[in-house]
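Before I ask anything, let me first share the structure, which is written out below as C-alpha cells.
In order of appearance the chains are A, B, C and D, and numbering begins at 1 in each one.
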Amino acid sequence: MNGQLKEEKVFKDPVHHYVYVQDETIWSLINTKEFQRLRRIRQLGTTYLTFHGAEHSRFSHSLGVYEITRRIISQFERYGYPDWPKEERLVSLCAALLHDVGHGPFSHSLEEIFDTDHEEWTCAILMGETEINGVLRSVSEEFPSQVAAVIKKKYPKPIVVSLISSQMDADRMDYLLRDAYFTGVNYGTFDLERILRVLRPYKGKIVVKDSGMHAVEHYLMSRYQMYWQIYFHPVTRSSEIILRQIFRRAQQLNAEGYKFSWMTRSIKQLLDNTLELKDYLKLDEALAQTAFSEWEQEADPLLSDLCHRFLNRQLYKYVTIDQPDELLLGEVAATLESIGLNPDYHMEIDFPFDLPYDVYRPDRQEGEKREKAPILLLDEHDEISEISLKSDIVRSITGLHQGKYHLYYPEEPLRANRAQLSDRMRKLFQLD
Amino acid sequence: MNGQLKEEKVFKDPVHHYVYVQDETIWSLINTKEFQRLRRIRQLGTTYLTFHGAEHSRFSHSLGVYEITRRIISQFERYGYPDWPKEERLVSLCAALLHDVGHGPFSHSLEEIFDTDHEEWTCAILMGETEINGVLRSVSEEFPSQVAAVIKKKYPKPIVVSLISSQMDADRMDYLLRDAYFTGVNYGTFDLERILRVLRPYKGKIVVKDSGMHAVEHYLMSRYQMYWQIYFHPVTRSSEIILRQIFRRAQQLNAEGYKFSWMTRSIKQLLDNTLELKDYLKLDEALAQTAFSEWEQEADPLLSDLCHRFLNRQLYKYVTIDQPDELLLGEVAATLESIGLNPDYHMEIDFPFDLPYDVYRPDRQEGEKREKAPILLLDEHDEISEISLKSDIVRSITGLHQGKYHLYYPEEPLRANRAQLSDRMRKLFQLD
Amino acid sequence: MNGQLKEEKVFKDPVHHYVYVQDETIWSLINTKEFQRLRRIRQLGTTYLTFHGAEHSRFSHSLGVYEITRRIISQFERYGYPDWPKEERLVSLCAALLHDVGHGPFSHSLEEIFDTDHEEWTCAILMGETEINGVLRSVSEEFPSQVAAVIKKKYPKPIVVSLISSQMDADRMDYLLRDAYFTGVNYGTFDLERILRVLRPYKGKIVVKDSGMHAVEHYLMSRYQMYWQIYFHPVTRSSEIILRQIFRRAQQLNAEGYKFSWMTRSIKQLLDNTLELKDYLKLDEALAQTAFSEWEQEADPLLSDLCHRFLNRQLYKYVTIDQPDELLLGEVAATLESIGLNPDYHMEIDFPFDLPYDVYRPDRQEGEKREKAPILLLDEHDEISEISLKSDIVRSITGLHQGKYHLYYPEEPLRANRAQLSDRMRKLFQLD
Amino acid sequence: MNGQLKEEKVFKDPVHHYVYVQDETIWSLINTKEFQRLRRIRQLGTTYLTFHGAEHSRFSHSLGVYEITRRIISQFERYGYPDWPKEERLVSLCAALLHDVGHGPFSHSLEEIFDTDHEEWTCAILMGETEINGVLRSVSEEFPSQVAAVIKKKYPKPIVVSLISSQMDADRMDYLLRDAYFTGVNYGTFDLERILRVLRPYKGKIVVKDSGMHAVEHYLMSRYQMYWQIYFHPVTRSSEIILRQIFRRAQQLNAEGYKFSWMTRSIKQLLDNTLELKDYLKLDEALAQTAFSEWEQEADPLLSDLCHRFLNRQLYKYVTIDQPDELLLGEVAATLESIGLNPDYHMEIDFPFDLPYDVYRPDRQEGEKREKAPILLLDEHDEISEISLKSDIVRSITGLHQGKYHLYYPEEPLRANRAQLSDRMRKLFQLD
C-alpha cells in the first residue's frame, strides 16, 4: 500500500537544491539498509584520485535520479498529457530510486574481474529477502517484479523504461550534472529545467518538443566533454588498472591456496565466486579500502605493492602509443621481465572505448543491437525525427571518437634500471 | 632544500577553481602517504548522514587552506608590503597544508572518548618517522619543528600563526565555503576575493583595511548561519552520539575482557589507549565503518544495536527541553530502565556549546584566555580597532547564543512500551 | 475573459531561470505599451553609476515579481490549502505584474521634487484610457479597480495584498535577488526555493512554517546587507543628489520664465506640475538622459554644470560628519558662497533614513502606523508568533541603524580655492 | 606620463567579480566623457527585446576586456616569459579598454544604413580633440596613434594586436561570458581561468599550451551555441530589421525634404551623412529611443508605424523558407502591395551569415584574407599546430553552418486581409 506522507520530506541537495519525497513507499525505501549502503559506494569509483572533489556517493546520485523522474512525471500530470499512463507513477519512481542499488564497490572495475553484473544484483535485491523487497511487497505482491522489469528494460510499457534508460534519461541527466558539480568542472552543466519543460509523452515514448533542440544539443556537447575530460581521464584509468590488478592478484593467490593473513567472509566469497546476497551486501568501499590497508602488509610482494600504490596514490605512468602492435608489446614485456617485473601485472594497454559510458550514437542500422532509445524531436505537425537528422551539430559529433591507446607501467623501476634499456625502450618510456 | 617545480601543478577544486602548487616541497608533501590518508577521513564527520552531499574529505579541505594561504602571501609579495616577512613563505604554506594531518576518523567524537588530541598527533607526524618528516627535513633540520611550532601557535612570529589560526584565518575561510558548497546551502558563501584583497600585514598582525568591513560582516554572518544550520544540526548531533556510544561500548567491553569476534591491531590499541604513531595512521573512516559492519554481528546486543543504528541511519530521536533538571532526568532514566533500556547508553543530554566550533567573540577582558586573534580593522590613519567597536552588526551578533538542550533517545522501544509510561513521560516523548 | 494560452509562453530570466506565462490576460498585459515602457526605466535608478552591472529595468523586475507570485499560488493550489481563496489567482498575478507600472524615470528622486507618487500613477494607468485598462476590462468591468485595490492595499482580502506587500513579499524577494545578481554582489542571495516551500496561507494571512525560520533569518540578513552595501551606497546617493538638483534647477528656471533652448511637451508639463497621463507615459529614462544631454548646452551655467556632472559621472564628493549642527553648516554655506558657489545647489546633507527602503522592524506598538505586515511563524500546534520573538538573530538586528550624516559638495572648486579656506574648512573637506 | 595609482581602484563586476585599475592613465581614461558615454549604448543592441536581461552596456564590456587583458599580461609578467615585450603593457591595456569606444547606438544596424564604421570612429576619438586624446597624449605624443594602430591591427608587434583581436581574444572571451550572464543562459560559460593559465607568448604570437586543448574546445562550443541561441536569434533579427527600416525611412524622408516635427542637430547630420566627431558623440541609445518616441507622432504613417513597433515591441513575424527564389519573392511583394503594404519596408529576407559575428574557421588557404589569427597549440617539444589539426571536435564543428532563410513581414495586415490571399500565400504565411 502506498500512501502519501503526512508531511513532505525534503533532502538538501547541491545539484537539485532539494529532493522532495511525498510517498510513504519512497520514504521507506530510502530508509532500508540496502539503500543506506549506497552511502558507502562512490558514484565515480576511483575518480577522486584525479579530481579530489569527486567523493560523492551513489546514495546522492540515486536520490537525484529519483528527483528528476519525479519532476518529469509531476509535469506530465500537471498538464494532463493523455499519453502518460498515470498509474505508472509509483513503479517509475521506485525504479529510478533503486536502479543502482546493486552496485558493489568500484563496480565497473570489479565486474570485469569477477564477471558479475550490478543489474542482476539489483534485481536480486529487489526480489530477495531484503528490506527493500519488504517495502515493495507492501505495495502489492507483484510490485517487486514490476520494478525489476523496468530496471531490466523488459517492462511492458516502454515509456516507463525510457524514463530511466535512454539516450537522455534521468540517470544520465543526474550524473552529468552531479559529477560536474563535485569535480568542479563546468563542462557538464546544461539547462535541465529547459529540457524537463520540453519533454512530452507521445505514443509510448518520451520525445522532445523541437523548440528544445538547442538545449538537447547543449546536453550532448556537455556529455561529450564530460566523457573526455572526466570519465576517460588517463589518470583515473591508471587507478582503475591498479585496482583491477589488486583483485586479479588476490583472486590468483586465493586460487593457488595462498593463506591471507587478513580476510573477511564476504571477500573470500568474492574471490571464490560464491557470493550470496547477504554477503554481497557487506561489500562496500570502506571494506575494500580496509582490505587494501591490511593487504599492504601481506607477504606477497606483488599484492602488497599494488595495495600500497592504490592507497598512497602511487599510480602507474602512461605513454600514448599509436597502435598496440604485437612486436612492440613483446619488446616491452621482455624489457619488464629483464628488470624483474611481471608483464602480467606491470603493463596494460588501455583504449577508452570498451567502457561503461557511451557517447550518443543514433544507430540507425537495421538489425543491430540498440541499447538506448535515441532522442526524438516532435515538431508542430506531430511528426517525429531522430535528432541527428535535424541538428548539424549532433550529426557532426556523432561517431566522433578521440580515444588513444595508452600503455601503463610503473615508472620507478624503469627509471632505476634505465641504463639496461634499449634506446627504443628509453625513448618509449621517455626516460631521457 | 626547496626548489620551484619546473612546471606548476594544478588541482581542479570546486571551491577555489584551481589549487596551484609551485614548490617542490609542497608537491612532495601532498604525495606522502600520511597526507594521502586524509582522503579517507571526511571533513565533516557524520554530517553526511544529515546532508548527503557532505562527503568531502580533509584532503580537499587541506588543499583549500593551503591555496588560500598561498593567495594571501602571493598578494603580500606582489605589493611588497614591508611588514610581511618574506622568508616565512614556505613555513606558512607547509603549516597551512599540514595543520589537520593528525586528524583521525570522526575526530571530534573520538577525541572526547579517548582523550586524544589531533594537534598532538599532527606534531607527532611532523616530528616522527614519517614521509612527511622526511620531506620537511630535506628543507632543513629545524624545519619540521618550525612548522610544528606554527601549528601549536608558538612560532616566534605571530603573523605566521594568525594566517592559519585566528578569527578569520585560511582554515575557517576554506571550511565555511567548502562545507557550504558540498552540503549545498548558500548560507556559507561570502566574498573571499574581496576579503583577501583587504588583508594587510601590519606590525606582526594581519589586519583588514576598513573599506572591507562589510565583507567581514558578511563573513561573520555566514559563519553564524553555518554554525546553526549545519554544524550544530540536531540530527548530526544524534549521529555523533551514536558514534560515541559505539566507541564507549567497545572500550568498556574491551576493559571487561570481552572477546571481540573481529578486531584489528590499531583498533585494539585505540581501545587500550596504547596507540603508537604507526598504528594511529592505520585508523581511518574506512576502517571505522568496516569495524561497525563487523561489530553489527557481535554477541553484545548493545554494541550490535549501536552499530546497526549508525550504518543504517536509525538514529536517536530528540526532544527539546528547557533545562536538564535532575528530577526530570532521573525520571527519564527510570523510565528507560523500566522498559529494559540502559540510560547510560540510551539517553543523552546535548547542549551545543562545548563544541569545537565557536562563534566570534572579541574577548576584550584582560587576563582571560584568548585562543584566536580578533579581527582588526586598519583605518586610513593607520589606526587599528577591533571590529565589534566599529560594526553595529558584529556587535549585535557577538555573544548571541541560540543553543537549546536536547534529550536524545531511541524512539522505537518507547513507542512500543507506550502503555507503560507515565503521562508526563508520554508527553515528553511526544507519544500521543 | 481570461483563458489559458494554448501554449505556455516562456521568458528566459537570469534570476528565476524562466518566467512562465499561462494566462491570456497576463500575456496581453505584458504586450501593452504601458508595460513595455518599463523597459526604459531602470530598476535601480542611478545605481549603475556605482555598480556598472545595475542596468536592469523595471520590466525584468516586474516579470520577476509576477513569477514569484505565480509560484507561490501554484504551490498553494497544488497542496489544496483551504485558506487560500482560489478565485483570487488572476487578480493577484495581475497586481504582481503591474504593481510598478506607474514608475517614472528615476522615480524616487523625482517624486521628492515634484511631489508625485508612482502608486497613484499606477492606479491611473489601471483605471484610465490605456491598453492595460482595456486588457483588464476584458476580464470584467470591475477587474481594473480590483487590481488597483490590491496595489493600494485596500483589497478586502488581505492575503492577496500581503503577497505583494509585506515584510517578505514577492516584490522584495525579487528585487533583492535581482539587484544582487546584476550588481554582482553575493550579499543578496538567499534560499528562495526554501522560503517559497514554507509559506502557508493561514486565516487570511501568509505565514511561514517555523521549520523555515532559518531561511527567513538568512533573507533578513541579506536584506540588511543589501541596504547598506547597495541601496544606501554614498556614491549612489551623490548621483541622486545631482539628479534632484538638475530637476530642481529646471523647475526653478521654468518658474522664472527661463526660455529653454530644448524642451518637450511632457517635460514642460512635468516642470509645470500639470502632467496628464498620456504625457506622463512619455517620460522615461531615455528622455531624461536626452534632456540632460541637451541641457548640458543651456545658457544657465548651473543647469549646464549639473547635467555635465550627471552624464559624465563627475559626482559630488562627500565627507562624513557627526551631526549636521547649524553652526557648521552655516560656515560651510558661507565658505561656498565666498568662492562663488551656490549653497542651495552645491551642498547637501544626506542621512540615509528617510528612504524608500526600510529595514525590517516588527513595530509592535499599538496605534502606530504599520505599513507592512510582519513576518509570522506558524508552529506545529498552529500557533503564530512574530519572528523576532522566536529568533535571536532577528531580534538583534531589528532596529539596528548604521546611517551616518554625509555632507556632499563639488570638490574641484574647493580644491582650487584651497588657499582662501579656513583651517577648519580645509580640514573638513580633507584638502590637506 | 603614466604613474601607478596610490591606491588600486576596484569596480565590482558580475562576470569577473572585480575589475582592478592600477594605472593613472587607465583611471583617467575611464573618467573621460567619451568613455562614460558607453554607459548609454547597450552591448547587445536590440537583444534586450528577446532576452530581457540583456540590458548591459558597452561600458561594462569594455571594462571586462580591459580586465582580461590585464590578467593575461600580469601573468606573463609574473612568470617572466621572455617572448612578452614588457614595455607594451600600457598600450595593450589602453587598446583593450578603448577598442569599442567608437560604437554608436545600435551600431551593427546603423552601420549598414549609413555606411559608417565604428573602428574609424574609434580612431577619430583617439586622435581628435577629445578628453581621451588628452589623456593619451599625456603619456607621450605618439601614444594616441600607437593605441589606434593596435585597434586597426597595424601595430608593428602582432602579439599586442592578437591580445584584443584574434580567434580567442580578450574581446570575445569577455562578451561570451558577459552576454551569457546577462541573458541568463548557460551556453556561454567556459573556463576562463583555465584558458588564461595556458596562454603563452611565443615568437610574436599568443599560443595555447596543448594541455589546455579541451578548455579551448569548450570555449569554441560555447561560442557556437551562443551564436545560434543568442546572437542570431530570429526575434532579435526582427527587431534589427525594424530598426534599420526606421533609419532608412528617416533617411529617405530627409532626402525628400520632409519636414520632421522633431529633430536634433546630431540626428540631422546622421541622416545627411555629414557627421562631425562632436555630434557623433551626442548619438547614444537614449537619444535614439527619444527620437523613436517623438517620431511615433510624425505625419508619415510608415515612420510612425515603425517607431511604434519598435518601442512597443510589435515586431515582424517570420517564416522559414528554403531558398529565396525570385518568383516566390515577386509573388510575396505583389501580395503585400495588393493589400496596401510597401514591400520595400514590409518584407525582408534574412540569412544569418553576413553578420558581425563569425564562427571559428581556421582558413588555411593561401592568399585568402584572414582577419583573425587562428588558435595555435604549443606542445612539449615547442611545436605549434593550428587547433583543428589536433582536435576532432574543433574539426567537426569548423565550417558548420545552421543558418536558414527567414522572410519577415507584419502579420496583422496579412491576417486581416486573409480572404484576398492566394492559397499559396496563405500557406506561406501560416494563416490557416
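Brief remarks on what is shown
Please note the rule applied: a contact is a pair of C-beta atoms (placed from the backbone, for glycine too) under 8 Å apart; a residue touches a chain by one contact, two chains touch by 3 or more.
For clarity, every value in this text was computed on a predicted model and none was experimentally measured.
Using CA-based centroids throughout, the chain positioned farthest away from chain A is C.
The interface holding more C-beta pairs in contact, when A-D is weighed against A-C, is A-D. Inter-chain spacing, taken between the CA centroids of chain C and chain D, is 32 Å.
One finds 44 Å separating the Cα centroids of chain A and chain D.
Here the CA centre of chain A is 51 Å from the CA centre of chain C. Multi-chain contact residues, meaning those touching two or more other chains, occur in chain D at positions 17, 185, 191. The part of chain A that touches chain B in the complex is made up of residues 11-15, 17, 31-33, 36-37, 39-40, 48-49, 51-53, 55-57, 59-60, 63, 181-185, 264, 282, 284-290, 293-294, 311-314. Partner chain D is touched in their complex by these residues of chain B: 10, 17-18, 193-194, 197. Residues 185-187, 189-191, 214, 217-218, 221, 224-225, 228-229, 392-393, 396-397, 400-402 of chain C touch chain B in their complex.
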